[in-house]
Amino acid sequence: MKEHPPNNEHIDSEMVKMEVNLDDISGEWLGYVMDKLFNAGANDVFYTPIFMKKNRPGVLLQLLCSKQSLDSMKKILLDETTTLGIRYYPITVHRMERRFEKVETIWGTVTVKLGINKGEVFQRSPEYEDCKQIAEANGIPLKQVYQEVWKNMNKSNS
Amino acid sequence: MKEHPPNNEHIDSEMVKMEVNLDDISGEWLGYVMDKLFNAGANDVFYTPIFMKKNRPGVLLQLLCSKQSLDSMKKILLDETTTLGIRYYPITVHRMERRFEKVETIWGTVTVKLGINKGEVFQRSPEYEDCKQIAEANGIPLKQVYQEVWKNMNKSNS
Amino acid sequence: MKEHPPNNEHIDSEMVKMEVNLDDISGEWLGYVMDKLFNAGANDVFYTPIFMKKNRPGVLLQLLCSKQSLDSMKKILLDETTTLGIRYYPITVHRMERRFEKVETIWGTVTVKLGINKGEVFQRSPEYEDCKQIAEANGIPLKQVYQEVWKNMNKSNS
Amino acid sequence: MKEHPPNNEHIDSEMVKMEVNLDDISGEWLGYVMDKLFNAGANDVFYTPIFMKKNRPGVLLQLLCSKQSLDSMKKILLDETTTLGIRYYPITVHRMERRFEKVETIWGTVTVKLGINKGEVFQRSPEYEDCKQIAEANGIPLKQVYQEVWKNMNKSNS
Amino acid sequence: MKEHPPNNEHIDSEMVKMEVNLDDISGEWLGYVMDKLFNAGANDVFYTPIFMKKNRPGVLLQLLCSKQSLDSMKKILLDETTTLGIRYYPITVHRMERRFEKVETIWGTVTVKLGINKGEVFQRSPEYEDCKQIAEANGIPLKQVYQEVWKNMNKSNS
Amino acid sequence: MKEHPPNNEHIDSEMVKMEVNLDDISGEWLGYVMDKLFNAGANDVFYTPIFMKKNRPGVLLQLLCSKQSLDSMKKILLDETTTLGIRYYPITVHRMERRFEKVETIWGTVTVKLGINKGEVFQRSPEYEDCKQIAEANGIPLKQVYQEVWKNMNKSNS
């Protein structure tokens, strides 16, 4: 996820959640617009299945962005979906401090994202894209890469 | 639900489940085709949200019908959806004996569907359409109609 | 969808989203209350499946309405569902200008809804109810009606 | 659901809804954290399936709590899930007056929760835990216990 | 999950999948019946949200069991749900060899389930109930217990 | 979707549906395995949200493939997911005749897939990848590309 300011803990109080209900668009178009919104700076975009009137299985598009991005997000939603109405409301986001460390494996280096709260590491996540690249380059299961990273990051941790 | 043979207990071993995955159709069209399939004799039709390739929120259409109806259901699915491939497999349906009784309320009569297993009533359901009509005609909550029916059907039952 | 003020672009800042979690109600009643809420002036009503405590598959009812409608919506929710608590929060809705044009087909006239942004048409949607009526009256697939409308509205457009 | 203040009607305007998107956690852990959050005083906790980027089926955790509980909820979410960012926004909750009455059945007493609006009972719900205990102790279907309670609570009601 | 025969690899060709569509039952009852079915020997039970006719959000109950259990499962479904019709079809289950090993942690022993394919361990999962008990007894996050087990099981593994 | 035999109408009676229930895997891994399965020849792969025991939001992976691919699919599922048991059952697939035609637009050529039933074209779908490429290359909405294709394919059609 794109992090506009730096990686230390802070509270973003200038964020908005946008929502659009869609019952007259295909899944193909929705797969496309998600990427467009991320590329334009959305902090998150996700879909929920919803039950709409007249027996219609619809989709609720939800989007998290800063208030400054509101207009550019609206533009994409109008261009790429079929909606004529866009809802939004302010939302606060508490972001934890995050740091990155390198962990060595037999196939190369993997970045691990650390979540920090009051100086304590409470979360360690191998970066997906690094692990994926190793799995594909070496023809091994993704699961095996993660397990190797867990072992090694824990080693250095004990 | 349409019951082709009579209402006594029996096992339908000549049924099929049909399935279609859809990622290029709108909810509006799907709301429409459900009614068409029921009217043409489908025993049940329902939708499940599915996660398809390329980040597409899709819909799985499932349909229960007799083997004799397979071709007429296929025709509707081709006419009204965007699919080019239809899956199906045989499925057995055990249907319980059902009877109908009349229950009086202060607003009129309601049909109650009884489920019977080896001579025992194990299930009593007020018919939705009857209750709905009473609620609308009398401007009262649907909940209130059901509660009145429950009270009266239990009275006659104790 | 019901549009209280006129069809030109505007921002509704006096809207609310209402939410109710339901784990002790049947789908039959939920199908019923949706219509009641729309008829009473809700701008939108939709259901999301939710996973609740004690392994319960529940339903989240969401409803969009103006602040003035808050009390009448509460009344229906209390009458027709089983909830004892109703949540809500303010939400802003940006509605685009919409116009309607008539498109001729070989089966009759269809209304098309146009979405307008800064004078530009960015969205054209054949009205579902018109298309449905034509499909049923002529015994043809709904898909075929839409395709004919698309062709003709594009013709006049090029 | 835990009710902090008394059981008469009131509007809680000091509530918050918290939200976390999760794509890197297993269902096992999510089943666990729900109980932890309820035990720590959450008014409600529920999950919605969401479609996230890169074809990931994720989970949206939603949580309702008082503003005073915000920090203790954050602590649990950081400890027990994998998130590094927590969203929240104020939400108002209108809670109806609730009373409890005892209903006798042939297997013992069951508590029934009444919903009251302007002095009128609009909702009667047998308490699940009471009914469950009777069903298990007597080896009878849960459905049968509810039906008996409905009959008896309606009797005393007519 | 209950494993009727031993833990070595085998193919169960005498299994059935049962299915019930439910639109007239509450989530409370569905939370209850899941446990009943597991206790009676179901190999798996799970719910899917489905969109049913008349705008009803319903639930699809799916159940995996051996053919010998078909009748006892039917009995529970009739007793505890509202269905009058139960569908089923044969299904084959390929079960991998599984073994269990003990892993020591600073808080006590945890069982780890190994998945074996042609003599190779391809899967290692700490048992949830063991980890949960340690987390609760020691007042630590569940996540921390898993991480300690991963570290130690990997140690002995390298 | 990969079509093993040619594009004329036929019934594949040698297909299988595979299913895996997953409650101990993250969305990240599931996003990855979908691509692996498609690349290895799966005809379709999709996810459904399911409610599993102990309040776990899980995922049902479903996969359609030919009987000959059963073993290679099993291998990937064991390597890349956490399952120890894989279910499957035979399923028939009726595939309609499909042809491809070229449609000219002002930005270049787009392939359109035609569905044919008894010599009649009942379905016309612009190929997503072609439209996406044009939208990205020309910096225009995807919606606009589809609309242009619809207009032009209908022109040649009238």
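Order of writing sets the labels: A, B, C, D, E and F. Residues in every chain begin at 1.
Everything that follows uses one rule, which is that a residue touches a chain if its C-beta (ideal position, glycine included) is under 8 Å from a C-beta of that chain, and two chains touch if they have at least 3 such contacts.
As the structure is a prediction and not an experimental result, all values here were calculated from the model.
Between chain A and chain C, the least number of touch steps comes to 1.
Both chain C and chain E are touched by A, B, D, F. Counted by residue number, the contact pairs of C-D are over half the same as those of A-C, the matching pair from C-E, A-C or B-D.
Chain centre most remote from that of chain C: E (centre = mean of CA atoms).
Using the average of C-alpha coordinates as each chain's centre, F ends up farthest from chain D.
Here the spacing of chain A and chain E, counted between their Cα centres, is 30 Å.
For chain C, residues touching at least two other chains, in rising order: 24, 28, 34-35, 47-49, 51-55, 57-58, 79, 82, 89, 123, 128, 141, 143. Against chain D, the residues of chain A that register as touching in their complex are 1, 15, 17, 34-35, 38, 44-49, 62, 64, 89-96, 98, 113, 115, 117, 122-123, 125, 128. Across the complex, chain C is touched by residues 22-28, 30-31, 34-35, 47, 49, 52, 54-59 of chain E. For chain E in complex with chain A, the residues that touch the partner chain are 49, 51, 53-55, 57, 122-124, 143, 147, 150-151, 154-155, 157-158.
Interface residues of chain B facing chain F in the complex, by the touch rule stated above, are 19, 21, 24, 48-54, 58, 60, 74, 78-79, 82, 84-89. Interface of chain E with chain D (complex): residues 28-29, 32-33, 79-82, 128, 132, 135, 141-143, 146.
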